[in-house]
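For reference, chains read A, B, C, D and E in written order, and residue numbers begin at 1 within each chain.
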Amino acid sequence: MSKLLEICDLKVGFTKNDEFTPVIKGINFSLNKGENLGIVGESGCGKSMTSLAIMGLLKHKGLTVSEGQIKWNGRNLIDQSEKEQKSMLGNEVAMIFQEPMTALNPMLTVGTQIVEQIRAHRKVSKKEAEAHAIQMLKKVGIPSPESRMNVYPHEMSGGMRQRVMIAMAISCEPELLIADEPTTALDVTIQAQILDLLSNLVSETNRSMILITHDLGVVANYCQRVMVMYSGKVMEESPTNELFDKPLHPYTKGLIESVKSIEENSERIASIPGMVPLPGEVIAGCVFCERCPYATDICSQQEPPIETTDDGRRVSCWNYKNLSEVVGAYE
Amino acid sequence: MNEAFNMKAIQEPLMEIKKLKKHFPIKKGFFDKLKDKTELSVKAVDNVTFTIYKGETLALVGESGCGKSTTGRSLLRLIEPTEGEVTFEGKNILSMKKQDMKDIRRELQIVFQDPYASLHPRMTVREIIMEPLIIHNVGSASERVKQVEELMEIVGLSSKMKNRYPHEFSGGQRQRIGIAKALALKPKIIVCDEAVSALDVSVQANILNLLKDLQDEFQLTYLFISHDLGVVKNISNRVGVMYLGKLVEIADTHTLFTNPRHPYTQALLSARPVIDKGLQTERIVLEGEIPTPINPPSGCRFHTRCPLKTERCMKESPEMVNLQGGHSVACFLAN
Amino acid sequence: MKLRKLSILLLISMFTLVLAACSGGETGSSSKSSNSQSTNNGEPQSGGTLTRAHIYGDPQNLDPIIRSHGTATSMITWNIFEPLVRYDAEKGEYLPGNAESWENNEEGTVYTFKLKQGVKFHNGREVKAEDFKYSLERLVNPENASPNAGNLQMVVGYEEYTSGSASELTGVKVVDDYTLEITISAPNNTFLSIMSLPYTAAVPKEVVEELGDEFGSKPVGAGPFKFSSWVRDSEIVLEKYEDYFAGAPYLDTVVYKILTDQAARDTAFSSEQIDMMILGDAQYAQYKSNTQYAELMIEVPELFIRNLRFNLEKEGPWQDVKVRQAINYAIDRETIIATVLGGKAYPAKGILPTSIKGYNEEVFSYPYDPEKAKELLKEAGYENGFTLPILTTSHSAFGVTAVEAMSGYLEEVGIKIEIEQVDMATLADRASSGDFDTMMYSNGGMTNLVEFISKYFHSDNFGATGNTGYYKNEEVDALLDKALTTTDENEMIELSRQAEAIVVEEAPMWFFNYNKAVIVHQPWVKGLQPVPTDIDYQDLRKVWIDESAKN
Amino acid sequence: MVKLETSSGNLEVQSTQPLQKVKARRKFKISLSNVLIGLTMVIFATVLCAPLITSYNPNENDLTSVLQAPSAAHLMGTDHLGRDIFTRVLFGGQKSLLIALLVQGIAVSVGALLGLIAGYIGGRTDKFIMALTNIIFSFPGILFAIAIMAALGTSVFNLILALSLVSWPEMCRLVRSQTMALKEREFVEGGYALGASVYRILFKYILPNCYGNIVVIATLGMAGTMLAEASLSFLGLGVQPPDASWGSMVNTGKDYLYQAPWYVFSPGIVMFITILGINLMGDKLRDYFDPKM
Amino acid sequence: MIQYTLKRLLETIPIWVAITLIVFLLMNFIPGDPVMQLMDARSGAIDEQVVEQIREEWGLNDPLYMQYLNFLTNLVQGDLGTSFQSRMEVTSVLLERIPVTIQVTLLGLFFAIVIGVTAGIISAMKRGNWLDTFVSTFSIAGVSLPAFFLGLLLMYIFSVKLNWLPASGYKLGEVKFLILPAITLGLSVSGIIARITRSSMIDVLKMDYMVTSYAKGLSKYRILGIHAMKNALSPILTIIGVQLGLLLSGAVITETIFGLPGIGRLLIDGILQRDIPVVQGCVIFISTVFLVVNLLTDICCRLVDPRIRSEH
């Protein structure tokens, strides 16, 4: 399998009052063609920033890439020209955002918004683009797509809007789809519909997808591989089943236990103590050590390297081999 | 846990909600009125009846627009219900005068969903938590300050932070402030309107634990409104499921999760992605969208999406029927 | 950071530019080569356009009877219409206009006008006696609500006609096509001056009837210029009337540019967009000191007296003649004129301006004598002073600036001033209703000295009619009555002078100054005259453009 | 290895870094706007201390030295009555600033109150108040001013009254629209839930959140008031002579524009800088009133 | 939409009537007899009898309510009465002036929009940068500069020094007379428009759909011109509407300085001469334009924003 996307030592942050504050503190990962990668983490961990970095949209949020490379089919995206970027966005890589209500322009009809994307990348007439757009709407399961072309986003339900977002994203047949919390704003029954639709679209065409979410349940059900992020660092990366069966990193473990104890209706919910550090907060050693029940002296002194285990999992923890010995650390 | 509740169930009801209705009229222009005389309205809550028992946590679940928040707010008269009766300790609060209502508000408090929007951005934490004390004229100035500090410690905030503004806190901390404020008047019941929905998993766990601790400590009753079935399963003793303004099923938590009888409840449970594959039930993916509450479907409101619908469902609206214990369902097929 | 500094610099330089631009005003205009010779020499040439500033705002209506006789309209209508007689301001006498000659009977009550033959309206029809009868009846007809109608009260039959009991104004008789006879109820020395005004000029009946209200927008008369176009509040254009009975005027076109803003006029003049304009108090010194313009100015003492009028109906220290005299002694009018008004006025001696016919050189005038003023105040019992309320409006020479200027002097003798400034309409209203204690204003415009004095000091004219201060002295009344009716001009002047002397003695006003009216013009404008009634009343028949002076 | 207390323990205490310190650390920069604001402050201070700074009497004529160019004796020259312009600018500033402040004070109080009422109650009350603002908006303000001054006499008090009358509607509209948005907000709903009185909701919950925009409109309004006062003084309806205001000085001075440019430019530039500074301050204050900044 | 327009028009009628009533009362209330204003106050040539005659002729001796009712009945028939001063039909007086004011106002507004919107967009795009500071300061400066000051300055530079444009006057159809007044008018308004555009653009640029539009790989023109501008338009339109109203009544000073024969001057002269019918006519015109513009901006906002459009 060829590497479609490769992120090498990426650092992202913002500059305020001449001070650089890192948000992503150096991450590495790669994605193969046809692969489905989930990125999980709590708010502020940098998972959305990662997707924006790939898209080259950081500047619109006031952020900059300070270091590292993003390789797309071997080509470094960091120093590509604006023109190259424009032809890539929406065409080779497309993105689906969290809140379809705000991610769609309220002033333009659904049709206009899909057609403009098609016409930005394909030399087709307006008529052809419209026909293609209708086809896309049909593909994402929107009933009577012809009439829906002239409808404004606010006239649709949340689920329909997200389908429109998806139709728009796939309209130029991108190789990679980045879905940033695509169902967070949706109801449970609709969430299931949308996630099913997405995974079908991806598997059908052998596309790749990065699914960004805070919901472990979603990841467990829809991704082949999961990367866990915390405070701008990668904590762990594993195939899904292995991750949930035997998390290597204390943070992953804490998250999973937390969710499980809620699901299992236990009296006391397991929780990770403390709170997510703020961007700009300087933490010596491991970023998680202050909240880690397994922390040893080294954790607060030295940053753990990311290690690749024998079965191809990656983890960034000094003590990951000893975790199973301590039971009930999170309670 | 559920067993424990069944013992409590014998206890007296704290709040009774009978045939609660809230219809929001849709304003029509002068000319529209000339053309069409019928009044349109959003039937947000339609004939909902249930009881909250002392010391329990009753959860209301449902998808957006099902009327769960409207119901919660109607109990506090933050929204004036169109019809129905809400009694608190035997007194109908909907017919109460202003002053009586103000007194009763000490007993009824609310914690909102959005920890960012629900706190006054220009008040310090101290002012925010003291606000209920001032409004209800509790204690002297120095007593109030002391009380604020106590409350902050109770919800796990350092009283050193009392002079900070809400935006200087994280989401979890804000929700703690909101809870401290709700606790200030020592209420009997707190309506938690999606109180943990906006929080991250690890923070969510902290807040849920806090709520549980507080319930034990202060003998609180919760009406817990949420769309998250996982959270509901964990915290509540009983669960009511709402769909499009109607209560479709109500039962104790264990019964509801193990033996849901309404097709909607079943679908809802199955749609929830869980990480423990053992808990995953067979997927029922519902077709279509939730209809608008302006013109809700005739008959059973769920019939447009129900995989099991019959002729009858389209014509008649099913009533709530008590199956056994506290388990009631509004579905023709459940009997 | 650097750029931020740059923007500050830019802002600062913007201000300096502004300052430089404005202070450059004087030098800028003098940089032009001045090849002007003396103003009125050379042979008059025909042709050219005269563009003059009209400073009073839109004249609103050019039908001569609609507007009261004032500068705003008359400076235009006098050129469109031909009254029976024309007043020669320089000579101070009446010259033929539409009437070739006129006679007054012995009693002084019947005037017979012989009309010139071949005088034609701008529509080509000849003006006949019938036209004057029509025009005068139109003037007094209440339906036309002319503010000037009252001036014909002296004509026999006025009452009957205006009340509707008579169908014609009997005092005006058409003897034949070219003879008009007007009978007045009593001899009146102001009659001829009224017959020289535009509102008594003939208007063509057929045009008036055809146009109706529109006549005021497209006036047709028999004067030297015909109406051409009018952009409201902007400009009025007149054209040479080739068939004018006394020969066509030199100018092809006259443009009145309506420019009410002083600064805008200055700009227009220095950019040569206007050829002549009247100067305000603030400008005079500036133009006077400019070497180029100093020679291009025409000055005249205008027939106005600026004064502080005491309302004798109101209680106050000014009821005491000594107080009034004291105020006249207390203020150094000459210094005020020299400094504040930049010399653009003549100190008032008595009531009558120097340019009026019959002006008395010998009339008593109050010198600046603060000691005497203090003495008089002490005699009157006001050695500790008092507060003098003054009603005034926004003007430099007869308004708030003058009041402010005199305040220092009055303070020195213990009188404190309290200014109440109002707009012109309110002032006029309060003046006519006597709702003021003292008031700063300017009065005049009349060419006849009896008329001038009576208007303001005869007890018949209390209040709105002119004697706003309610001054009453039976001796003065008697003298004026006699002066008004006598047919002997010398007697008239003598009687008037006697009346004036009494009034000055009793000081019912603080006599401030007579306006020095000033016109500044471009070097190529020739033939302008110093007109004391109002310098804007230029007889444009005499004005011509010297094209050679333009470059 | 420490087993940390879970659940409701005070775990989030370390919390955020106090942002206020961050704010204080923000460097003060010499920018155009800061320079102008500083200048305005200096103007305010000199105007307030006018009697200490100048030895001239602002209303005393000196006909021997009219329209003199700026010099050491007369920093800004003299006017047409020989009065020291610098002194008059200082004393006139007291009047101008007093009028502008009071007018905006009244406009804010009346406008904000009516805006709160209209926005909160809605319905007919709202329609009525909005109609009132519409009437004043579409009405030549000068007509009101003339009427009031003519009826009640020309005094600073009546001037303030007249100018206030035309100044409140803009404020009213702004506060109204914000009130309508704010009353739906959750924290206001929280106020209802506590049983807070309408009074408390309006003044404690809604109004403080309008401050930022009120300040901006009020500072813009101060500029407008000074300019309006200038045009009223042209009609003799402004500050009554011999007292001066910046507006009336500019108005009188503009007749001497070519002859004595300092006459119009001295008060003009001082007024311009002050208005500019006030507006820039308004922007800064808006940021200050926004706790999220 | 038609229904909405009709409804809004109906709503403006009471406001309109209230405005006429207030003008009427004010004009009768302020001192200064309109008939006295006809007379030449300086020469004091006033004949009480004539004054009385004229008052009678014009119905000024009727009780106030009668005068107002007469005015209203005439108004309904499209008759605004006759000017006391010029004796012309107020309607025709107005018709003569309206084009000038409209021309100069629209041209001024055009300058204001071009300068204001451009400046606003630039400073929103370059937020925090020196260009933003400069444009923001400049736009406040525009608001802070008295119009007569600016007018004289422009006149001095462009008419006297450069001799490019006429200092004053007006000729139908000649734009050169309108340029300086329009800039004078427009500059102060441009500041306000720039500020609103800036803040509205900043709000829009923060929106999620802007990121979406970048993520779609659209051209810059389309992103700014269509996606951003369409969303930022409503507040800009609203402020333009309000400003147009203010421009109309605020044109007085500009019209005086530049000798333009417009409504503003007519109004001020009318007030000063107590020419009640003319003042009434001007105020009715200005308030009608204001109300109509208000209505139009609301309709425009509705047309632009599909969310409001579909509301009832």
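As a working rule, contacts are C-beta pairs under 8 Å (C-beta built on N, C-alpha and C of every residue); 3 or more make two chains touch, one makes a residue touch a chain.
Quantities reported herein were computed from a predicted structural model and do not represent experimental measurements.
Colleague: Work out the mean Cα position per chain and let me know which chain is farthest from chain B.
Modeller: If we average the C-alpha coordinates per chain, C ends up farthest from chain B.
Colleague: Going by the contact definition up top, give me the pair of chains with the most C-beta pairs touching.
Modeller: Greatest count of contact pairs is found between chains C-E.
Colleague: From chain A, which chain is the farthest off, judged by mean CA positions?
Modeller: C
Colleague: Suppose each chain is reduced to the average of its Cα coordinates; what separation in Å results between chain A and chain C?
Modeller: 88
Colleague: If you average the CA atoms of chain A and of chain B, how many Å lie between those two points?
Modeller: 32
Colleague: In angstrom, rounded to a whole number, how far apart do the mean CA points of chain C and chain D lie?
Modeller: 45
Colleague: Residues of chain D touching 2+ other chains?
Modeller: Each of 6-7, 9, 11-12, 15-16, 31-32, 146, 150, 235, 254, 257 in chain D touches at least two other chains.
Colleague: Give the residues of chain E that touch two or more other chains, as numbers and ranges in rising order.
Modeller: 30-32, 133-134, 137, 141, 152, 272
Colleague: Going by the touch rule set out above, which residues of chain C reach two or more other chains?
Modeller: 4, 7, 11, 18, 22, 25, 263, 423, 426
Colleague: Give the list of chain E residues in touch with chain C in this complex.
Modeller: Residues 30-33, 35-51, 53-54, 57-58, 82-83, 85-89, 93, 96-97, 130-131, 133-134, 137, 141, 152-153, 155-157, 159-161, 163, 166-172, 255-262, 265-266, 269, 272-274.
Colleague: For a test of understanding, state which residues of chain C touch chain E in their complex under the given definition.
Modeller: Touch list, chain C to chain E: 1, 3-4, 7, 11, 18, 21-22, 25, 28, 57-58, 60-61, 63, 66-70, 142-143, 145-151, 153, 162, 213, 216-217, 231-235, 257-261, 263-264, 267-268, 270-271, 273, 304, 423-432, 441-446, 455-456, 461, 463-466, 468.
Colleague: Quick check: in the complex, which residue numbers of chain E touch chain A?
Modeller: Per the touch definition, chain E meets chain A at residues 205, 207-219, 222, 226-227, 230-231, 304-307, 310.
Colleague: Inside the complex, what are the residues of chain D that reach chain C?
Modeller: Residues of chain D touching chain C: 30-32, 35, 60-61, 63-64, 66, 80-82, 146, 150, 153-154, 234-237, 240-242, 252, 254-259, 261, 265, 269.
Colleague: In the complex formed with chain B, which residues of chain A make contact?
Modeller: On the chain A side, the touching residues are 42-43, 157-160, 187-193, 195-196, 214-218, 220-222, 244, 254-256, 258-272, 275-276, 278.
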